[in-house]
Structure formats: structure tokens, C-alpha cells
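The letters A, B, C and D name the chains in turn, as written, and every chain counts its residues from 1.
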């Protein structure tokens, strides 16, 4: 096989019939027809279809001549700066289709898997590690253009510093190691798109204390005993006019419950090895590769927000106010900073011993940590610009009703009719105020970790020696 | 008649049968049974019922011996500091029932009407003014415990400084003055609770340029030609578990269209008088009375948010983190500042020439302007504390399903079972992240006006002479 | 004796001849003539003289009929709300004379001593405690209108959480308990006005681990072995025109070194008692009384800054800009909040078992913690308003020189000549940008403790139970 | 001639004998020996000497083979991206010597002159323009390695929007056009280093209304009628220990008064041409070249502040606190953003029609506008970290006195003696709290213009069309 089409994706997921619970019921029938999933699965399918379109094929795929197949660039392990640029273009091409609103578009997890596969040397000759399983799985994923979810955060039951004793109560862990593989029991808090992907990759959260929690593996989503339990759906409305974003991009989050799930050995990458669990995260390529994907996407999302803000300004004709200009400038500043940091990470990328080109993680950490603050501020700015216009939004049916023409007149903006103006504000509402939009804000607040911890991480990993020497030199200059 | 019961309120509104458009249809049948209105109307009814409950009657009503009736304190025109305190207690008693989430609980408009009635002297002997209509209407409202909506903001079509020429395109204005009264045509942008109150009070926005826009009147909501056009409903779910706040407090906003509406003369307070329109707003008691109501409510809302924040902290056991403590402290600081400013406005209240006790508006302006910034920050803080727990919220049915027990176990918090923990987070979500919650945030951002203009208003009205003299004295002290 | 005059203060301090080191030399001769001290001592003297002036005597003193003497209200232990108001008026009267720039005007330490004396019951019947020494000393201080400095912070050598082992290296501690009294050795980091007061009060910093550091006493500043080591002076210039504030209010800070200092028993309030050291701070009246003094002063300082800001705005005629108005409004908001919180603390004051009226500490903590953030912001605002005008400030001599007239012309402001305009900006510079002004900013940042810890303190001491119950009630309302 | 030595610089300036007024007196004798100037002139001389040092010569100069001379890279008009990198290295090499504290190190004005010279085509064939004078002057400056100050801001007398009528009262303008040249009368507000450079370049502020204010020229600093009037000096102390920065880098600002100054025609670049005055600023290369110099310097300054912050953290051992880490991270984030934006401006540089490589101004505007906010925050962070340690700073003489050893002991930090610890804090004080340091903060707040206007400029010049199209496309996607 080779790169997937949208239709293939839908068919494959429907066929899997994973155990997905939503609103008190187990999904039966085609999940792609279920109201909570049909929008996002359609969007996902469209992303896959883009890989086949003439206008995108160059930006999204490359020819794997050895295996005589087309491969998504999202799977590409970069060897040159040009490869990083290719990866960025691929990520941003897809992100442009979703306005950066799908944090789990296929490139995210494909990038993660490529990162894992390119870090396979860390597993060599280590106890309970199977680097060859990982390599083989990566090749298998490429050949089948597999879709993934992943999960690693444990349930939030006790966040105290001294809470390790509770770990076994709820967290997914190895309860048996038998001939056929590992047996897993417990829960993981969050798998976005859980139940609508081919596979689920499961690995340890950082900082574990007990070796039964130290593992990494991938299994098909329909593996027996795996249950995806959905939160409430955040789609207010399936109308593209009323809910232009949530009707298409609501990814759904799930709690994943492992009810004595058997993971066959050939899918285990490592287990019972705390040291490797920590090192694989810390020294492997997951962090720089994932950050590069995230920042590439966030830049596109910022461009989108800038457009929304500016259109609102134009539509109600508030261009002339100084504070309006300064607010929009804040978004521009965020956009330009993000773009510059992304470029810097590529420009300062370095090859590792195995010839893999690693983006510099410092500017990326900085970009992600800044976005955790600036994204909510951008959302606030759109609210402040849109003001009361963000609220009084009749839905599509009102415009189609007997009073539609009157509304079209009375809700007009500056050089724009009411229905069209309201459409823009519906979009802004869906981005900034709907349950869907609020989840987006929360996600960006915590992307890649708690903002407080992320800023500590920057402190702890940054090389401040040159700055210290600089000051010491200034202090010690011969006093004259 | 005397103070209303909830049942009377419901019956009266149903009977009115005002013209309300929602989702493309005109409401027919009892509006109190319509899914978009039944929650808020029930809450409203419960507020009215409180006026009759032994435990509240003292805090909510007083005896009008002259007319031998009980009257809601919300209608009370204060003559003493004690009256202000009574008013505050009444407002906060009702606000406590709604967690401060109903900006249009009956006390808001009753207070506004009392403010108008207490400013009636401004209309005396002025052209096109009818002070006696206002006084009579106030008494009529008291005797019937009328419920109100109001509207004054014009459509948002062009906010440029130079846009007055467009006024006549969309804004409600007097198009005819005939024997029976005024004829009104055009729209007003926003009437919260439009269509579910007895009456609608309509008055000019500040800064009008054309006298046909300068008026104030009240008419029954079912007056011919008045159309209330609803925005989309923000109730995600009628389950009290899933949507504990929006299922009860979603007030609905409407565009109000006046299709050649006849306002009988005895309901006209003034018209065709720009000077009075501006002065009635600027020099009347609406500003200080309304601000006193608003700040009283916002204090209760802040207390509620503080409780939500602290319960989240306890539930996931993050008490020990410094940044967690500092974040919760921000809410405490906001709460204590609000309470202190409210007290200061009462302590510095002064009697006007007619013996009416006017709360000092400066501390109230300050409180409202601060809340425009702090409220969104409080909401942000709850999100930052709740983190991923704010997202992964299975609904009530999931807990009632075959996997309910498992969920109850895996989603447990610190000394709390899963279902109960999720209930708290559902409440937090509804407050901070649901469409309903986002509207709350937007409303508080703009309560009593654009925050930028409100801060300018503070600058323009504050007496800085004492500070200037202080500095001049310091500058001019004899140099020694 | 009774209330002191300025001349008596100067004479007494000169006579003491305490050991004060500055710029490498021990002060000899009259310290009130030393360039580093003459300004502040003159100001201090003027404050004392105010106690005798007809126009101030009522606001600053009361008649102690029992002992037939006039006493400064700063020593008054309040028994009623009116006493608190008296105290506030006294504090603000003095603060007005210094624009709130002298953190150690006499009322600060007099208040502290009154607070200690009113907490004397905590020492009763406790080991190593001498409540009667404290009471007697308080009366002695009153009768002689003594002036004080105090010191309690230890040197900053190691702020790690685990640094207690180092305590004995540098911190002042009891090294001997002999018949005549305690012998103290070591240093305390900071005594503002050290060396220019009659006495120095010394007590433990909170959180001590070793009983030899747990003590409280007062000794004359010239006690043998006590050395006051000055920092560099921050007076740029003695000209009242060039440095209108620092030339008068530069209080000087000192490190205090105790070189085997003997503290006679009758001056020891307690020693070797960790429990009492902590409780005296935590449960005594020092915190509420000192906070009340601080906030009263900070309110005056804010009024002063508001005046400076507004005069700058007028002088360069930038009133019309929206962002200018909003910036000045920030100061107004800070001022009104501070005033309201201060009032609230008095309104919510409560009598303790001994009949002492204790201001509510919560609003005061809030006010002080807010000021730690708003004061630097106010300073920033003045800089942003003054802009380049804050920099290009010719001194007094330039205006007196042959080019003076030309300067007076070219540096004119809006309806103001150059010399007068520059005088205003010199004041603003001294407040916001001189070394003196920067120390003011730093002081306010840390007044009453590190802002991070202060916000934690608010969290830890606030009663959040009512808020929690409020939310629980909302959660548990019968679901209908 | 060729690149200058420090000695030549000093000699040349002394010989000029420009008219400089300070503290009421005209400077006579060698200005390089005057206490207010000797520090900065020595530093300036050292910068010139670096151009001759083997270790720096490559980074600071290039060979101008045509004219057989070495030329400072600061004069280089870039033709390639490599030239931009060369320029950056040159700027940062010099900036490193001054910790970025000299805003007017020679590269600033040399860059400005190179920018002017490279924009000479804008003057061709325009009325009252002399492009050939500019070209010739640029070559003359190169050959003599001239030093410059410049001035363009008018006095601050009235900043109202409607104040143009006042222009002629104070602002420098052409009062006569005679055979020998222009005659200039009036003042300019600010020439940093005025009086200690060979030449002064004078040009119009943007937005002029009267053609007599529209000019550009350069004249020797000692031209008859030119008076440099100094502000008060901000050097507290000439000791390198007590004032490590101000003793070396206090640049002095001057008001420049033109008392009927004759500017010979060959030094006039243009005059009486408002259109060119505006276009030369807006379309010439001054903005991108100057911004590139400024941001290059600010990056170095940020590195320095980071070092100071980290050394304070180490010295008092507060590494372990989360809020400390987060604060230092803010500086890192600022540093990395600045570096990335600088790189981006070079990467996105484009050649103009004349083959000159113009750095992209957008990322540079963003960097400068951000620095206006982040620099004061960095200064605040250093204050918050240093806390009380920033205040209690005995001077050098205290350590040399009989109590020096005791101080050295008691003021010790973590693994550092008192004298050395205090030296670090003196540096931090001079950077963040001295009058000199406060001027630095004010300068960075306003570098390249008022921050409010700069943010408006970003809004007004940014191309938002792509963002708008992006959103429109999303809105208009076929609704399905």
C-alpha cells in the first residue's frame, strides 16, 4: 500500500469497530456517521485526500524509491535543513486547511513516530527494550499510512508532590508479563481522537517512580479490553454557518481504560525500565520534532486569528482608533515572533551522530511557552474588538425566515449585509467563545505542558554560562 | 396587587404572547415551556417566589403603608445610608441565588426605574418632557411588580467616529408624532431577556446627534410591531449535571425591531430633546444606582468564583504550590477590593436636594472598570487551575451507563469519587468555557460600557485638583 | 517631659554620638550637620515641630491627663473606631509633609511600639518573657517622645530553603546570658535611619530555628559595640531645585553590627523562646497596626503621584490622548482602591478581649500586596507620560548662567516657562528615576515582605469556607 | 587618513573646543578631562582603539582597496546577506564592550550616515536637494572616521495634536537663505553626546507642517552659534567599584541651541522641502539600517542582563524557587525572541533596485517595540531577584576602612565574600536603579519612538491581506 485516501481512512476506521462510549452508549454502526464524529472524520479524510491532489502532492509527499511507494512527508526523518523546511511546509499546508485548529491532524502523531524511530539507538542493548520492534513498526506504519492517537497523561486524581503512593489506584500499568506479551490495567486520562484512528500509541508520563508504569507500545484501537470513553461533545450545531469551526474540527477527547489488555511482544518498544522511559523522552528526538510541528501549526493559527481580527475591525469600521490598532499589532507581534523563532530553530539545527538533523529546541520551547500566554490574549483581543457583536448572533434559520430580510438590513456592517456580517461573527464566536473555542484556548494554554513548568524547563536547560562570563568580565576589568 | 409570585410571573408572560423569533420560527404557545426559555423563566420565577418566603421577606421587601402593600426593595428610592445597605442586601440575596450570573435579575431594571423616577425633577418644565408620566408609571410598576427588559444600544454597523450620517439607516427613531403618540421605526441591538418580561423600556444611547433619536418610554412587550429576534441559544444541554448554570441562567439576548410601533403619550417620558437625553443620563441617578446594583452583584459572583477555584484546588490536591496560592490570592484580592469599594460608595454617599441618598459613583466606576479586567483573569485562573480536568468531562449518561462505575473509580479526585469530581468540573466548565460562560465573560468585559471609554470617563470626571495642589505646594515650599 | 521639638530631637541625637560609619569614616561631630544626614534630620525635626503647631496639634497629639502630658497620637493604642480614624489622620498629616516618602517617619516605629505594648498579654507567664519590661519601656518612650529605628532582617547570604545551618555565621544572636543581661553578636541587614534615632529596637525575623535567635529588646543607639554601617548616600545634590525630594527625605539604610553588645535585663522583652517569637509576630497587634500605618501613608503617596502625573500632562498638553487618560486613570483606580480598603479595615475593625480596637488585617494585606505591583506601575506611567522631558534636565545653575534666559524660553511648556517646567520634571525625576526614587520603588515592592510570600500569606489566612459552601450549595441543589 | 585611534579622537575633540554648557559654566580646557565627560570619552576612545587591535580588526573593519584605506564596517553599505552579518558582528562586538549601554557608540551614527548615503537617489532631481553634497560628505566622513551626534526631536513644549501654530516659537528652523548657505535659529531637544563629536547631523522630525523646518545637514560641532546645553550629569561617583557602569558609559544629553547658525551650502543635503523630508525618512534606508543596529545592540544588552540576573540568583542561592526560575526565563525568552527576529530580518532581507541589501523591517520593528516593554520588565526582574540586597550597598571606602573586614564577613553571599558580592550588586544597582540606569530604562522605552505610536506603525505598515484572504477562504468554503 501507499498514502491513504480519505475514503480508505473512513472505511478502515469504520471496519475496526473500536469500543467507544459516548453519552452513555457504545457506538455501533459506522462511527463516521455518528453526529459527534462525522465532522472531524470528514475533515481528517479531506486531509488524506490532499496527499493525492496535484496541487499539494509535492508539498505533502515524497517518493520512497527503495520501497517503491509514495510516503507522507509527515513520516520523514530529516537529514538536512531542506528536509526541515519540507516538513514545515507540509505541516503548514495541512494546518492551513484546518486553520491550525486540529492539534491531532495526522502529521502530529506521524511526526512523533518518526521521532521515536529516529531515536531507536537509545533502546539498543538496554534491558527490556526492543528497538527492532519500533523500527519495524515505523516501516509498517509508513507502508499503511496508519493513523494514530496516543496517550500518556495519567488521571488527575491527586497532583500533590507526594502522591506517588496513589499511582496504582488508577494509572495504567503492567500487571502481568506473560508469554504472549504484557497485560495492561488502569486508565490514561486523555486520548484526543481516541477511537477514530487505526492505532493507539501508549507511553509513560515523565517522572514515574515504579517500573510497572515505564513502558511504550502501540496497539490497534480495537484491541480487546481497550475502551475509549468520550467527554461530552462540543459541537453546538452541525450548520456550517452557525458553527463553522466546531462542525468540522471538533476532535473529541477520550479517557482510555485498559481492562487487562494484552499487548503482544512485537508491539512492545520497551517496558519495566524507568531509566529508559525518562531518557527516551529527554534525550530522544520527540521533543524537538514535536515542538517543530507544534510551532509550525501555531504560526498558521495566528495568521488566521489576525485575519479574523482585521476583518472584524473592517466590518464595524473601527480602524481609526489607536487602541484598536495597538491590539491588532499585538497579534502581528506574536505572529512575527513565532515565525522568527521557527526559522531560528531550523537555522540553528544540528546533525546528530546518526546524521539526523535536529531543530534547535530552545527557540521552539520559547515559542510554545509564549504562545501559552499570547494565544489567550489573542482570543481576548478578538472579543474586545468584536464587543457586543460577538453575542447577538441569530442563526442561519433566522435569516431564512420571514424576518430574514429585515435582519439582513438591521444587522448590516460597514459595506456588508447582515447575513454576511453575522457569518463572520459566528466564525469569531466559534473560535473565541463557543465551548469548542474555549477548549482550543485551554489546549494551547497547556500544549506541551503546564506553562509554569515549561518556563522552569527553559531555565533549567538554557546555557547561561556565556552571559555569566560576560558579566564577570565586565566586573573584573582592570579598575582604572 | 402587590409583590408577584413566580407562578403569576409565568402566567402573565405566557399570556402576553409577545412576538419572539427564535431559530427561524415565531414562538407560539407558552413561552415558559420553550426549551430556550424555560430554564431562565423558572429561575426568574424562583426569584419572585423568594419575595414571599419567610426567610427572605425581610431582606427583599418592605411595607408601603401608605398604599397598604408589600413592595420589593429593588424599587426602593433610598433616603438614608441604611436604605443603601438594605438595597445591597436585597441585591446580594437575589444574586446569591443565581451566583451573580443573571445580569438582568429583576432588581437590575427595578433599580433603573427607581433611578429614573428619582430623577424626575430633571424633566420638569422642559420641552417635550412628561415627568408626571414617569412618576405614574413608576407607581404602576410597583403596584404590579412589573418585570422589564430595556434596550438602548444601536446596531453595530459602523463604529467610526464620523458615522453619524448613517444613524437613520438602522437605528430606532421617532418617525411620526401623531395624536395617539409617537411612532417608532428601526432597531435596537440588544435587549437581554427580551420577550420574557412585561414591559420594555427604551431610551437613547448617549451622544446622539439627531433629535428623533432622543426619547425615553416604556411599552408592554406585546405592543404591536415590536419584534424580539433571538440569537442562537447557548444552552448546550438541559441536564442540571452537565450544564448546571446555562440550564438555569441563560437569559437570551434579542435584537429588537420596531416596525412602526405606536407608543401612546402616557408612556412617553420625553422625546425630541437631545439636551435632556444627555442630561438625564449624565445628571440623573441612573449611573450611581445602576453601578451600585452591578457592583453588589459582581461581589457575589466573585465569591462564587473563589469557591470554585478553591474546590478545584482541593479536589486535585494542589494546595501546596506557590503559584496556585498566588493565583487564588488574585481572586481574593479582587473580592476584597470590590467589597471595599462598594462600602466606600455607601460611606461616601450624599443626599441630594430632594433628600435622595446617592452612592458615591467614583468608587463604583473604579470597581466596575477593574472588574472588566479582573473577571476575565479570574476565569483564566480557574482554567489554569483546572487544567486538563476542565476538558475530559463525560456527561451524566456516561456515569449512568454500564461503564459508570469504572469511570467513577478512574476519574476520582482527592478524597472524592469520579462522578462528584466531574460534577464540580462541569460547573467550572459552564462558568468558564461553555458558550454560556464565554458570554458571561464578554458581558462583564463590557458591563456599563467599553473598558477603554470607562477608564477615560474616570479620568474626565475625577477631581484631581487636590492632588495638583499637593504637588504645587511641595514644589513651592520655601527653598532653604 | 512631653512631646519633643525638632531642636530637642537634633540636640539629643547629636549628643548621643552613636557609632556610624559612612564612606570609610566614623562620623564625628554633629551628625545633623553631616551632608548625608542633614536633610533627613531636618525633615524629621520639622515633623516633630508640627506636633507643636496650632494648626496640627489636634491632629497629631492628645492629652494624657493621668500623667499630665501631651502625647503623640502615634503612640495611641486605639480603643474605638474613632481612635483608628484619629490614627489615620495623624499618619496622613505627617505623610502629607513628606509626600509619603519617609517610610520611617516617627509614626511608623511609634505605632510598632504601641502595637507591642498592646500585645503584652502574650508574654505573660511565658518562659524568658518580661512583659513588665515592655510596658515600662512603652511608658518611658511616651514620656520622652523617643525616636526609633528597628532591625530584624538577617543578612542575605543564603536564601535557600535549606540554609538554616548557616545561621550562626552572620546573624545577630545571643552568645551569652550573664548577670547584667544578654550579650549579642552578629549582624542585622537593615536599619533604616540607623544612627539618627534615640533607640534601636531589635527582634527576630520570622521562622527562626534556633532559640539564641529568638529575642526582642530595645537599647540606646549609642550602646557600646553597636555599629551602624551606611550604604552609599543617594543624595545627588543638595539643591532643592535639582533634587527636591532626595535632598530632604533620603533616610539612609545601615547594616547593624553587634560586637558583643550587652543588653541590660530591663530592656529585654523576651529571649530564648522560639514559640513566643513566632506568636508575638503572628498573634500580636504588630501586623494590623503596622499595616494600617503603611496603607495610610501609601494612600497619600498615591495622591502625590497622581498630582505629578496630571501636572506633567497639563504642562506638555497631552490631555486629549486616550492612552494618556487611561494611564492616569490607572493611578486614580489605585488611589480609590487603597482608600476604600483602608476604610474597610476600620469599618470591619473588632475589639479584642482587652478592649483594643484591631483594624481588620485582610483589606490591609490586600492593599499592601496590590501596592507592591501598582506603585512600580505608577512610576512607569509617570516615565511614559514625561517621556524625553524626564531626561533633558539642566540644573539650577544652568538657569542662573548667561544662557539661562535662552533655556527658559526654549524649554517652556504649555503656558509655563522653562525654569518652572524643568522644576516639575526635576521633581518627577527625583520621584521616579533618581537613585533615591529607585530605592523608593524597591522599598514599596518589598514593604511588609516579598510580594510572592505576601500573596501566599493572603491565601493561607483567608477564610474561604463561605465561598466553598456557596458553591457546594449550588452543586447540591435538588436537580429538577 | 583612515580609521581613527582613541588618542586621535580625544585630541580632535579637545581641539574643536565646541561651546558646551554644564552646571552653569562653559567648558574650557580639554573636555576629555572634564569629570562629566572623561568616562564616556575614554570608553569612546577605547572603542576606536579596538578597530586597530589584531583580535578585532577583522570584525570591525574592511579594506577599501579603491581608496587604499581601512574603513570601519559601521560605514559599510551592505550589498549581500553576508554584509548584513558582518554589520551585525561589528555592532555586537562594540556593544559587548559597553554591555550595550552606549546607545550612541560610533556605529549608530555611522550606520545612519551610510543609510542616508545609500538613499541618495531619493534626492535626485528634487527641488532644494543636493544629493552630491551627501555623497561627498559620506566619503569625507569615511576618510576621516568622523564621529557624530545628531538631533531631530523638537522641544516638548506642547504635544497637543493641534499645536503646529507654536512651531516657530522654539523649534530650530531656517530663518534665512543667503549666498553662503542657510541660517538656522531655534532649538532641538536632544543631542546625546552633543559636544563630544566631530560633527552634528541635524534633520527634521517627521510630520512637519512648515517648509522652513524641512531640512537635513551636517556641520562641525564647533560651528559658531551652536550651543550644547547639558542636563545634570548622572555620574554618582567616579569609582569603578561603586559605579561600574555610569563611571564609564554616561553619554550626556544636550539641548542644542542654534543662534543664527550659518550652514554652508556644501553641507546642506536638502531644505525647504516637506515632501522630501517625509519621504527620505519613510522610503529611505534609515529605518531598516538603524533598526538593525539597534536590535543587534539590544540583544547584547539582554545577554548582559541575563548574566546579572543569574549571578544574583547564584550569589544568594535562590535557584530552587519556581518563581525565580520563571522570572529568569522571561529574560531568556526575550533574548531568544530578539535573536530570532534579528536573524529573520537578515534572512528576509531583499535587494533594492540599486543593489543594496535591505534588512526586512517588520521583524525589527517588532523586536524594538517588544523591547520597549520587556527591557523595563527585565530591570524589574533584577530588582525583584536582588531584593533588599540592591539597597544596602556600602561603597568601596567602607571596605577599605577599619570595619572593612567585618563587612566582608557579614555581607558575604553564597560561596562569595562580602566585598565581591557587593561589587556585583553595585553593578546591578547601576544598571537598574541609579539615575544612570533609570535613564537607560527610559531610553529603551522610547527607542525609535513612543511605544504607542510604534505599535500603530506596525499596524499601519503590515500586510494583512494574506490573513484576510485566509479567513475569507475559510468562510466561503462550499457549505456541505
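One rule holds for everything that comes next: contacts are C-beta pairs under 8 Å (C-beta built on N, C-alpha and C of every residue); 3 or more make two chains touch, one makes a residue touch a chain.
Everything quoted here is computed from the prediction, not taken from an experiment.
> Give the label of the chain whose average Cα location is farthest from that of chain D.
Using the mean of the C-alpha atoms as each chain's centre, the farthest one from chain D is B.
> Write down the chain pair with more C-beta contact pairs when B-C is set against C-D.
Most contacts of the two pairs: C-D.
> Roughly how far is chain B from chain D, centre to centre by C-alpha average, rounded to an integer in Å?
Measuring from centre to centre gives 53 Å for this pair.
> Using CA atom averages as chain centres, what separation in Å is found between chain C and chain D?
The computed centroid separation for chain C versus chain D comes out at 39 Å.
> Please work out the Cα centroid separation of chain B and chain C, and write it as a whole number of Å.
Taking the average C-alpha coordinate of chain B and of chain C, the gap between them is 43 Å.
> Where in chain C do residues touch two or more other chains at once?
Residues 322-323, 452 of chain C touch two or more partner chains.
> Okay, in this complex, where on chain A does chain C touch?
Touching chain C: residues 321-323 of chain A.
> Given the complex with chain D, which residues does chain A contribute to the contact?
The touching residues are 96, 99, 240-241, 244, 303-304, 306-308, 310-311, 322, 325-326, 328-330, 332-333, 336-337, 339-341, 343-344, 347, 362-363, 366, 369-370, 423-424, 427, 452, 455-456, 458-460, 462, 464, 466-472, 474-475, 477, 479-480.
> Using the touch definition from the top, list the residues of chain D that touch chain C in their complex.
21-25, 153, 155-161, 163, 169-170, 186-187, 189-190, 227, 229-232, 236-237, 242, 253-255, 257, 259, 316-320, 323, 376, 380, 383-384, 387-395, 397-398, 400-401, 403, 406-407, 409-414, 429, 432-435, 437-439, 441-443, 445-446, 450-452
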